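First chain written, first letter: the chains are A, B, C and D, and each begins at residue 1.
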Amino acid sequence: MLTISSTPIQPDVLRRRLFDPAAGGFCAFEGWVRNENEGHTVLRLEYEAYEPLAVSEADKIFAEAMDRFPYLQALCVHRIGLLEIGDCAVWVGVSSPHRDAAFRACRYIIDEVKVRLPIWKKEHYVDGNSGWVNCERCARAS
Amino acid sequence: MLTISSTPIQPDVLRRRLFDPAAGGFCAFEGWVRNENEGHTVLRLEYEAYEPLAVSEADKIFAEAMDRFPYLQALCVHRIGLLEIGDCAVWVGVSSPHRDAAFRACRYIIDEVKVRLPIWKKEHYVDGNSGWVNCERCARAS
Amino acid sequence: MKTITVRYFAMFREHAGLSTETLSLAAETAADVFAATRERHGSTEPRGHCKVAINDVMVSWDSKVEDGDTVLLFPPVAGG
Amino acid sequence: MKTITVRYFAMFREHAGLSTETLSLAAETAADVFAATRERHGSTEPRGHCKVAINDVMVSWDSKVEDGDTVLLFPPVAGG
């Protein structure tokens, strides 16, 4: 399940929600705002999402991950609004009986979230400029 | 760096220690005690480690991961003593500029930790029996 | 002519200077709506990695638009 | 004869009923020490996935042991 949040992500609260007595492995990924992108010094980021379609597209991604790498529980939370360096922009967590499925499902979900969800990222640079960012795969393809 | 701990692992404290302004991705893996192994219902687990060699072997593993998937920061904590279902037995976290290296380094570290460190696991079953567990790769090979 | 409500997101919204407008268009497909708004707002963003939804359902560019539809125009995304 | 201190871990310790003992052995290598302790404690664990250290350094089974060495015998491991 995907949640869009305008308040800080709390990884420790989220991981507890994935506890399952049959789970032997738990994998989490966090996207953090870093101070640099393609040679620009980044001051802060701004995220915008269109929640209704972000949620329904995420439902499809979670179902695809389950088909490929059966897991027990999975969650994703994506921040919107203004974020500073070091802030957590996205959190994905997956619990599974074994670690291989936990790693692979987590990787699948974050990879697809980054390219398929209607979420946009605007970088504010130290030089006063700002710019909307394309997803990595799109940038490579174009 | 590896730490052996006889008290509960605190993932939220550990992840904060991996913050780095250049980090765009953070991947964590946790091994949880689950209620079943190879058809046996597990009540609890007991871990034992030989700390001096666990630490020095882990140093090698971290250096190998750095060579293969350059990351910024990495930590591993392994519990010893008696653990109950749902307890976190091992935590690995890696921060990196990009998510691919974070995922791969985290996976490399946990895979190697499981087979190379002088750490032993004894399962206590619901039927009153108990048994020392071989690493997965060893069990397959033998 | 059809009455179509268009919603703009992210760079499209900034470029158009508004987030929603209702237009009278001779559009047959979602692609026609995209082309009409490009011309209207002098946008140069290629359609390549953009996406479109009609009434909150993701659709392909050749999907038909009906009178009264709401068309959502999504510039290239970058989650995470 | 050499004076060798042997440390047992996990199932080896349980099987021997002690964690450390100092033995007088005609051993040349780590493998000889393993064989002698197997016989002494009637253990049947094959050497296959076991590991050995001499004075806190992981070594191969054909490493030489010296008088006064401490040999650590590690049964198959299973971290995580």
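Heads up, the rule we're going with is that a residue touches a chain if its C-beta (ideal position, glycine included) is under 8 Å from a C-beta of that chain, and two chains touch if they have at least 3 such contacts.
Only a predicted model underlies this, so the values are computations on that prediction, with no experimental measurement involved.
Asker: Using the touch definition from the top, list the chains contacting both subunit B and subunit D.
Answerer: Chains touching both subunit B and subunit D: none.
Asker: Taking CA centroids for every chain, report which one is farthest away from subunit B.
Answerer: The chain farthest from subunit B, judged by C-alpha centres, is C.
Asker: From the C-alpha centre of subunit A to that of subunit D, how far is it in Å?
Answerer: 49
Asker: Rounded to the nearest whole Å, what is the centre-to-centre distance of subunit A and subunit B, using the mean of the C-alpha atoms as each centre?
Answerer: Going by mean C-alpha positions, subunit A sits 24 Å from subunit B.
Asker: Suppose each chain is reduced to the average of its Cα coordinates; what separation in Å results between subunit C and subunit D?
Answerer: Measuring from centre to centre gives 74 Å for this pair.
Asker: Please list all residues of subunit B that touch 2 or more other chains.
Answerer: Residue numbers touching two or more other chains: 31, 99, 110.
Asker: Pull out every residue in subunit C that's touching 2 or more other chains.
Answerer: Subunit C, residues with two or more chain partners: 80.
Asker: Which two-chain combinations touch?
Answerer: Contact pairs between chains: A-B, A-C, B-D.
Asker: Which residues, counting only subunit A, touch subunit C once they are in their complex?
Answerer: Those residues of subunit A that touch subunit C are 31, 48-50, 52-53, 57, 78, 89-90, 110, 113-122, 132-136, 138, 141-142.
Asker: Can you tell me which positions in subunit C touch subunit A when the two form their complex?
Answerer: Residues 9-11, 46, 48-49, 51, 53, 56, 58, 72, 74-80 of subunit C touch subunit A in their complex.
Asker: For subunit B, which residues are in contact with subunit A within the complex?
Answerer: 11-12, 15, 19, 21-36, 85-86, 95, 97, 99, 102-103, 106-107, 110
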